[in-house]
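As written, the chain order gives the labels A, B and C, with residue 1 at the start of each chain.
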Amino acid sequence: MKLTEIAKIIGANFDGVDFEIDSMNTLKDAQGNELSFVASSKYVKDIASSNAGAMIVDVKTLEEVPEGCVALVVQNPYWEMAELSKYFAPPIENNTLPSPIIGSNTTISDKAEIANGAIIGENCTVMAHVYIGTDAVVGNNTVLHPSVTVYRDCKIGNDCMIHAGTVIGSDGFGFATNKLGEHKKIYQNGNVIVEDDVEIGSNCTFDRAVFGSTLIKKGVRIDNLVHIGHNCEIGEYSVLVGQSGFAGSTTMGRNTVFGAQSGAAGHLEIAPFNTFAARTGVTKSIKESGLTFAGFPVMGHRSWLKLQGKLARLIK
Amino acid sequence: MKLTEIAKIIGANFDGVDFEIDSMNTLKDAQGNELSFVASSKYVKDIASSNAGAMIVDVKTLEEVPEGCVALVVQNPYWEMAELSKYFAPPIENNTLPSPIIGSNTTISDKAEIANGAIIGENCTVMAHVYIGTDAVVGNNTVLHPSVTVYRDCKIGNDCMIHAGTVIGSDGFGFATNKLGEHKKIYQNGNVIVEDDVEIGSNCTFDRAVFGSTLIKKGVRIDNLVHIGHNCEIGEYSVLVGQSGFAGSTTMGRNTVFGAQSGAAGHLEIAPFNTFAARTGVTKSIKESGLTFAGFPVMGHRSWLKLQGKLARLIK
Amino acid sequence: MKLTEIAKIIGANFDGVDFEIDSMNTLKDAQGNELSFVASSKYVKDIASSNAGAMIVDVKTLEEVPEGCVALVVQNPYWEMAELSKYFAPPIENNTLPSPIIGSNTTISDKAEIANGAIIGENCTVMAHVYIGTDAVVGNNTVLHPSVTVYRDCKIGNDCMIHAGTVIGSDGFGFATNKLGEHKKIYQNGNVIVEDDVEIGSNCTFDRAVFGSTLIKKGVRIDNLVHIGHNCEIGEYSVLVGQSGFAGSTTMGRNTVFGAQSGAAGHLEIAPFNTFAARTGVTKSIKESGLTFAGFPVMGHRSWLKLQGKLARLIK
């Protein structure tokens, strides 16, 4: 999409040399052919080092924009980014793509739907009522139980098993809100990558990234009804027990264990080899490793036990 | 159904002038051609002003029944109401109805199932393994991702997006229990209405009303794995984050925000423009607006922070 | 499978008289044609009385193995059990079995998939996108709403209703972990049995047993998004409200009520006729009956109310 068109859509002035914008991206990851934006003052620190070809800013942040990067000035950059995200969203399905490629010895139910452009490896089992979207990729020896949905562009590795009803790649929960309290959808143009040897229970929901990927790394084990927000990264061999949930952009190191009905807030970093007891609500990044935590807000497990003892005495 | 038949089914005496009963309804909403019931002493106050044509009561509440309304006296009105609800339930599917009506430029997967009597607007995308029930209505420009189920009689507005695996209109959790502890289903003969510009995440469950409608108003944004009980009303532009859940008949005003894994008990009224932090459990109606709450049972967010501070000191 | 083959797979010495092993089972339930294992020191007490034909043990527990039972000695019995479980897993589908048997007056959507070997009773309604696996059995007068999945070998009783998207019989969350933190799946070769007159809401997940059955007894009522772990037993007429979850091998007596977003840890025994308020987290077995509980960790409901009063005073 031409920069002049973009400027027109969002009502920004632009009279420089026009060029093609291929996609939108964060300040950190955007390249010269990409458009970025400053969603809030929290991101102003990332402006100077950004390689974005153009940037949506408000008038207050205009002077931070580095030389060589086109600034598009609007009142509400986040709202305009939401508006533009729609234009960069690929079609939900694309029937002009070639028929799906299916590896040898793979069984696909005639009641499954595989969109054009999808690639499925060898020795897979794709059961009834499964949907695999455009340009999605499934590795070898992977089993997709009934009614699994893999949205377009998502990747599932080798030797995975996904149980019935699980959804991989639905849109992350992203929208801008204006002063009237109205919301505008931010199209989620990233994907989900599930690496090799991952087992996922039934009726889980893993959201696709807004940009980039939501990442489930090798050997992870996930129980039923688990929710993973957009742009999360789940470390190798981590274990997420039933009904746990993870807000957007939280990353955890390898062999992290989250107990039943636990959860983590967004944008946290959790060091590897920690265990979080059932119902733990992680509200801050965890830098230590090899520990056990509990409670909401999160605390060390021993502290939590001590607290329960104190509370028990309180009512005696 | 004739009143004499109804009396016979529930073992009540009736020797007045017979007439046709079209449906069952609450004391407040029932009209002259409808049958109501007094489920518990909590509802006795609604008897006098009810316009119901007939009413199932026990002998203790018989004298409260207004003149002109037929009283059917039984031992356990709630149990008999449950028994009767079955007779007023429409068939799950009705193939005598005309073929579904599909608007122009709407794409329907050949692996979707649209029941007779359904109406779908223009420019919609209905993906594989979607089910749209008898007499359901979908507006224009709406996208239903794979394996979405819309039960019979439910209505989805314009410009909506519903993500994979979400269920709109399953039966509300209603049953009567006798002294032996056995349960009898109360057929849920209402529906769900989703207004315009609503986005709903994956694997959510919205229950149909027992009478009337469960209502999701304009511009609402709902994340994944959210449960909405029968007869709830979600105000315009409200935001319900992942794994939150709402018991029956709770209403919330516009721009209410419920954080992750939060919830509300049933039969509450929540004023508009309030925010409930993650894990909040709302146990009472909220009359103030513009505030932030937290905790279970619910309290002001500042109180909750103060409490956490006190508790932290308790274990030092 | 011959015992010599089994010994070879797990690298154990065996030079006795070879015989056929039909399946794997727990120490308590294994018979002479079955293989058992000692997963941890917790189970050493069950060795002496086991009727298993053979047993996987480590060198420390070797001397406990009763006469007449073959001991297969390995370093990590649980890991080797996981490795072997794969060999005893039946194929996901088995098309050599006869076509499904469907009772009279049963309606099956042409968009449902019924695997070979399945049996469905009379007067059932099987809606679009339902999957019923190999050797599964459904009784009479049962309704399966759209996109319900019943995995192979599971049994659903008479007069049941299962709402859309619910999954019966996905694999229990079982795996062994080695010293490197890598996991190996334990194939779940048991099933789920749902008895008569059970209603189950939408998008629930009930896991199949590792051995034996996960059991939902007569007259149970289950709301939406409820998770039941492998080998649980839910007593007659129990009520499980929305988003509650139950870890593996927990049993509860009849007319147990679990409120919304509540849960129980694994391997607990809960006496009948108890009620657990919303959000209760049951962390220990409950031996009394007829009481109401709340809180996490669980306590009597009155204690919980008293505690909330104390906490409220703490911040005044």
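Please note the rule applied: a residue touches a chain if its C-beta (ideal position, glycine included) is under 8 Å from a C-beta of that chain, and two chains touch if they have at least 3 such contacts.
Keep in mind that this is a model prediction, so the values were computed, not measured.
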Fitted rotation between subunit A and its twin subunit B in degrees, CA, nearest 5: 120
Interface composition of copies subunit A and subunit C: same or different, split at half: different
Cα-centroid distance, subunit A relative to subunit C, in whole angstrom: 31
Numbers and ranges of subunit A residues touching at least 2 other chains: 111, 129, 147, 165, 203, 225, 243, 261
Of subunit A, residues touching subunit C in the complex: 109, 111, 125, 127-129, 143, 145-147, 161, 163-165, 199, 201-203, 219, 221, 223-225, 237, 239, 241-243, 254-255, 260-261, 273, 278-279, 308, 311-312, 314-315
Residues of subunit B defined as touching subunit C within the complex: 92-93, 111, 113, 129, 131, 147, 149, 151, 165, 167, 170-171, 173, 175, 177, 181-183, 185, 203-205, 207, 225, 227, 229, 243, 245, 247, 261, 263, 265, 281, 296-297, 299, 303, 306-307, 310
